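Here is the structure we will look at, set down as structure tokens.
Naming follows writing order (A, B, C and D), and every chain is counted from residue 1.
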Amino acid sequence: MSRKKIAEEISIVFSGAAGQGIQSIEMILTKLLKREGYHVFSTKEFMSRIRGGINSTSLRVSSGRVNAPMEKADLFLPLIQDTTLHLQDKITEHTVIIGEQEVVQFDDMVDIPFSEIAKRCGNKIYSSSVAVGVIAGILDVSDSTIEKTFTTHFKGKDDKIIQENIQAAKEGIKESAKIQEYLEVVIEKDASVQDEMLISGTEAVAMGAVAANVRYVASYPMSPATGVLVKLAGWSEQTDCIIEQVEDEITAVNMALGAWYAGARAFVTTSGGGLALMSEGISLSGITEIPFVVHVAQRPGPGTGLPTRTEQGDLHLVLYSGHGDFPRIIYAPGTVEEAFYLTNQAFDLADKFQVPVFILTDQYFVDSLCNTPVWDLDKTVAKHHFTETAQDYKRYAITESGVSPRGIPGFGKGVVKVDSDEHDEEGLITENLNETRKAMVEKRFFRKFNSVRKEVIEPDCFGNKDNELLVLSWGSTGNAVKHAFQLLESPPAGMHFSQVWPLPENIEDILSRYKRIAVVENNASAQFATLLKGYAGVPVTHNIVKFTGLPFSQEEIAREIQSIQ
Amino acid sequence: MSENIFDPHVKDIAWCPGCGNFPIRKIMLEMLQELELDPVNTVMVSGIGQAAKSPQYIQANYFNGLHGRALPPATAIKTANPELTVIVESGDGDMYGEGGNHFLHAIRRNPDITAVVHNNMIYGLTKGQASPTTSKGMKTPVQINGVFLEPFNPLAAAIALDASFVARVNALDQDNTKEIIKKAVQHKGFALVDVFQICVSFNKVNTAKWFKEHSYYLDEQHDTSDRSAAFSRAIEDEKLPLGIFYEQKDKPVFEESFPLYQKDKSPLFQRILNKEALEKIAAEKTE
Amino acid sequence: MSRKKIAEEISIVFSGAAGQGIQSIEMILTKLLKREGYHVFSTKEFMSRIRGGINSTSLRVSSGRVNAPMEKADLFLPLIQDTTLHLQDKITEHTVIIGEQEVVQFDDMVDIPFSEIAKRCGNKIYSSSVAVGVIAGILDVSDSTIEKTFTTHFKGKDDKIIQENIQAAKEGIKESAKIQEYLEVVIEKDASVQDEMLISGTEAVAMGAVAANVRYVASYPMSPATGVLVKLAGWSEQTDCIIEQVEDEITAVNMALGAWYAGARAFVTTSGGGLALMSEGISLSGITEIPFVVHVAQRPGPGTGLPTRTEQGDLHLVLYSGHGDFPRIIYAPGTVEEAFYLTNQAFDLADKFQVPVFILTDQYFVDSLCNTPVWDLDKTVAKHHFTETAQDYKRYAITESGVSPRGIPGFGKGVVKVDSDEHDEEGLITENLNETRKAMVEKRFFRKFNSVRKEVIEPDCFGNKDNELLVLSWGSTGNAVKHAFQLLESPPAGMHFSQVWPLPENIEDILSRYKRIAVVENNASAQFATLLKGYAGVPVTHNIVKFTGLPFSQEEIAREIQSIQ
Amino acid sequence: MSENIFDPHVKDIAWCPGCGNFPIRKIMLEMLQELELDPVNTVMVSGIGQAAKSPQYIQANYFNGLHGRALPPATAIKTANPELTVIVESGDGDMYGEGGNHFLHAIRRNPDITAVVHNNMIYGLTKGQASPTTSKGMKTPVQINGVFLEPFNPLAAAIALDASFVARVNALDQDNTKEIIKKAVQHKGFALVDVFQICVSFNKVNTAKWFKEHSYYLDEQHDTSDRSAAFSRAIEDEKLPLGIFYEQKDKPVFEESFPLYQKDKSPLFQRILNKEALEKIAAEKTE
């Protein structure tokens, strides 16, 4: 190791067994650094177990917004020895390894006796705080930030414990001098960050739902989607929201439809396997034209697959779940901001168009944290779209837009008849095929699809728009592609889709300008590329795919782009 | 009797002539009227099957959902708007077969809804396969050697799940049945009423005569608050008792368990966004 | 009406309420006519109820094979008055209407007092036999055929009843003279037809499964798929097959996988809504590499939709059901022959490649009847592909073909570990991402997909191959397109796909010859067209779709083709 | 004791130190050995969860299927090859929550399989939400006001479904537990063994001490053939009885009900196509 100057940004990786405390290091450290004025981004990968194994958290601390996974670590802080070489890729010759020599052995490492220091401060379990201190020291965090952060973080704990933790952190700061031998870190702080929020993908989705006036959550726990349920439950006393953990995913969708029918905005959170079980219920939303909003946090399949890993492998499932033809909307946020505003909008459009709306995230996305400006609530909507019924109310009135005014039971003078059989305008079963069936499909599928299409979000364009090569991304890979462009000498054109269905009407025009199109996605079968080909009729020339259960790093994408440039 | 506002005067009812669904429909229409319910605040919920077509022939709100899936929406409707009267009408296959898991867990929740199960001991709409309640030995085009499985005993199961109201009736005994269904609807909590119903097209075993000969009414001595006694009566299988087996008057109900209704009784659809709550959550994230 | 000469073919439509006897008319009449040496094709449409309403059966009797729906009726025989104008389209000025004037009223009709004649013969319920006799008379059926057919059809009944029915039919023949005033029917008979089978789509699928040595059927009743379950149950004493009607469709798929795991060939039959519920289980087949074969008889959705009607709306569902990426095979037979042989092959390929295989039919297809040559069992296969295990057996051995030898428990010295989590070669849960996960996806998805692709069935080409317009069909619409071509002066090129996934490797080459491609399919969203665009990269220029719940007639397709020629 | 052939000597078991799954594993390994079963003819079946990882740590055939879906494949495996010993090991959430409908109907079928349910009264793998058996009032990150639902009583439900063997044990009482599980495996028919199991990470209510203090063994006087009595014991809720509640020795089992096994006992995988049967069916169609 030679002394290295780190400007603008540092990347730090912690590893340890489940239950060993890297999660709490992440939580305190990100708060601390944000409060100090750094941009922070942290992402984690972990095994499907409660204790043991080996997990890691990667942190980027920067003078600007850098929210994407990075391959290499400047600092590596293992709490246990990684015998599986799980994190081998992160460590380069320039990586400074910090550890407790009694626990981890590396040829060239900075020994910091975390536990010993912790014990000195009062308790061995304070070693996480020592580790936090070490990083704080390298990053020149002030004592007052330490004190404030620890005090709020440990709110409710015994004052003695808080003080001892603070002491442990301060000892850590002292130890950090050892690291300065190898690294000179000069990263500019940005005071405006201090007022920003520190938000995970999970929280962004959950808050988007709250902003939409969500009142009914029916879900079954499933990684990585459980977080949204837990967050909404945690806030439910403030938000007056009903939280029901149901017996299975089939219940979730059918309950949610019952709640929407009765006028409450309902929400479901699940992952691919759970969504698979909801397939029939989604079709029920389709024919009854009852709104439905579901968050799908993807993980690698098939089957149980890798429950705590990431993938973008459920696009096709979400697009085609449910038998028969009916319109739907699929959002795939690439930033916490998009996640918040799109989740909010999901409720609005579900309500307005009476269709199922999907918010497609993934484990990488929901479990990553970053700072982001406080939401602008003026940009959100929480307006109901149902109407008061007259006595002759007909639930499925044939309309030009394909949308029939939606009444709810107990509001007005009419009755509201919804039916999963093909029905007439009133909602009664019909077997009139040539007229009623035809009219209903034309209303519910064709005309409504056109109405939905009018509100499609255009892709976000970046890079060199005149390049003949276009690199496309959707959902969580968006930021990694954008960051990859910054690593390239001459970046191509870039385009990020935060809505993946329906596609914009002029999609063919938009894309036909490019000679070559590469689609970056975290799945084996290049699902978005297929979708583009099938509906936009454009030839995708390169599939940049990854299916190991880990997200793309910016370096990886940069390399892939270089190889086709 | 005055005009029944729940009767939509349908011209064509899709049941077979002589079907046991007709007397049940009559009972339900009268029951709704006699309880002085309002169609606008009444929601009929069903799955799919012949029985599940019932809401089509009642003038009220309805949610005619998927096969087996009547209870989740019914629970949610009641929870989203406790001012509504929610009544589920569906078949034995629907409730005890495809919908078995919801049956288990809806009872555990104990929402204030009533489930009227048209138990014709057969799959009617799909043309006569065994249902969970089909008697052992009955032959059908699928069960060609006769049904082998133990028939599902909905009463015993509901009592095992500590349901708050469990009754069995015979659709052909209209007066008693109507009174019991009235009590079920008036009962606060989940009420199960399993209704013996004939299917003239596919069930040639459990005929009107059979039901009559194989049932009798629980007498006054039966203590409906005694769970063990109720269970013992429920598993009787020579003659099947009719009446209310088990009843818990004060069992807490699901929708009332939520703090939000303790603060404010208004249905969810009337509530607007609480911006301050959201701002507070956001503010915590800036800390 | 003027006297019309009918050569080659006659089309006859019966209508009546459910329970009124048109089904038994269909059954006897088709047998009778086949035995007499006519080619017969009959198709029915009916309401979702057990009694009442209005249903119809359409029969084509011909000198050649004509297995497709026709729009117009030469003869119309209503048993009740059709007040809903349900069958209006079938009746032209040339249609001869036969009925009992007491029951049905038409301006110009041949009155035959069916019930009266029946009563005379012994019982009012023999009126179906009178109706059968009327048609038999028009078609010059011999008395001996009548006698034989009635005797076998009513096997087990009282001889008196049989004789009275025969008498009723013979009276019907006498009455048929009245019709000869309007129609002169001269259709050539073909003696070879007499030895052929009379088979429905349902029976063809069920027999294909029997020919594959199916031993375990786990299904839940659902129209229009129940027929296959009923047939297999009816034969189960002869075929020694376990038939289990399960509590729900989730059980069906999971039981079937258990049975396959233990070495029994299992089969499931369902419709779209049921398949939707199996989505997670299909994904389990994907990751565990346990074979799975399911027959999906489509009906119009979404939701409960039109339970007894027809649609080809579940192609996307079948193609994408199940989360995550894994290979699958989808057959869509267009004839009973294809249904038989492809169902048989479905088991062979499911077993060989250890993938889910779907047989996609629809209500129109399963409920239609025709004569077809007796199956050639030499063209079928029923060979198991599992192997005896050695002690060190590894269920998921990495192989070049992507297929790992499949052991079953209790056969050999090894143990067989199957896992829905990502696993290593032995079948143990793994979290080794960069190696094991990657290797498994490459084996299970990429390499196996290529192996599966080698056995893809090429589309069947017909029509004028050099035309610039290609008309494509898949599944049950195939025959209607072929018949439509015969109505056209200059038919375009035609292609019928009986396998819709995977597509042939050279699909782009095959299709790029044509300037314009029209896809005919019975759904609103043109699902096969989208599939072709997405995977073959070919522009489909015309979608010929229908979504009323009724099948395409040959005339309809001919008109559609004409309009784009 | 000799080397246990069922022990694969795994290096890393993915359970928390102190987890109640360890003693269950020990019991299962010993039970399998003591019953002299053969790994090659033994199939462990599970769903998904911490408990459901059990087969990973046993050297035998296994089918580690989907969450909640252990019973359908287990039933099918036994039916396709009655020579195999089929044992299901899964969690309370798996069996009584997601898998509730299979629980109902597997019991009705009565295949000769054993279901060992690791009942830690919590969802372990997903980090501590309420399961169907979680006690009322327990707070979790999702049930923030405490569980409201009536806990699912698997014993009462199984007895209501007339299961052929119903028992409850405490994993920490290894000897008794092992003996009861042995009996369950030897029992011919569906055997349910609900096992009290501690979860040191997420269930701080139902600890080892709690289970000890809240349970006692059924004594000799309990008549295991008396369904009503079994039910009454099953619904006791101050102290929870342990032992065999209910047992029916001669109840017909599912796989034996099929005529094909009455003719010939060989497992299905050994049977080849009966061409004549097919030809006969085809010939009938030419008539």
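In this section, a residue touches a chain if its C-beta (ideal position, glycine included) is under 8 Å from a C-beta of that chain, and two chains touch if they have at least 3 such contacts.
Bear in mind the structure is a predicted one, so any value in this text is a computation, not a measurement.
The pair from A-B, C-D or A-D that reproduces the interface of B-C, where over half of the contact pairs by residue number are the same, turns out to be A-D.
Here A-D and A-B are compared, and the pair linked by more C-beta contacts is A-B. With centres defined as mean CA coordinates, chain D is found 30 Å away from chain B.
With each centre defined as the average position of its C-alpha atoms, the distance from chain A to chain D rounds to 37 Å.
Chain centres here are Cα means. That of chain C falls 41 Å from that of chain D.
Taken residue by residue, chain A touches two or more other chains at 47-48, 53, 236-237, 247-248, 250, 273, 280, 284, 288, 303-304, 307, 420-421, 429, whereas all remaining positions touch fewer. Contacts with at least two other chains are made by residues 14, 48, 66, 97, 100-101, 104-105, 132, 259 of chain B. The touching residues of chain A, when paired with chain D in their complex, are 19, 47-53, 220-223, 226, 229-230, 233-234, 236-237, 243, 245, 247-248, 273, 303-304, 307. Residues 31, 35, 152, 195-199, 203, 207, 210-213, 215-216, 218, 235-242, 244, 246-248, 250-251, 254-259, 261-264, 266, 280-281, 284, 288, 374-375, 377, 382, 384, 386, 408-421, 427-429 of chain A are the ones that touch chain B when the two sit in their complex. Residues 47-48, 53, 84, 89, 250, 271-273, 275-277, 279-280, 282-284, 286-288, 300-307, 309, 311, 313-314, 316-317, 319-326, 420-422, 429, 431-434, 437-438, 441, 445-446, 523-525, 530-531, 533-535, 537, 539, 547-550 of chain C are the ones that touch chain A when the two sit in their complex.
Taken in their complex, chain B has these residues touching chain D: 96-97, 99-101, 104-105, 107-110, 132, 145, 148-153, 156-157, 159-162, 227-228, 231-232, 234-235, 252, 254, 257, 259.
Contacts from chain B toward chain C in the complex involve residues 12, 14-17, 48, 50, 66-68, 97-98, 100, 123-127, 129-130, 132, 141-144, 201-202.
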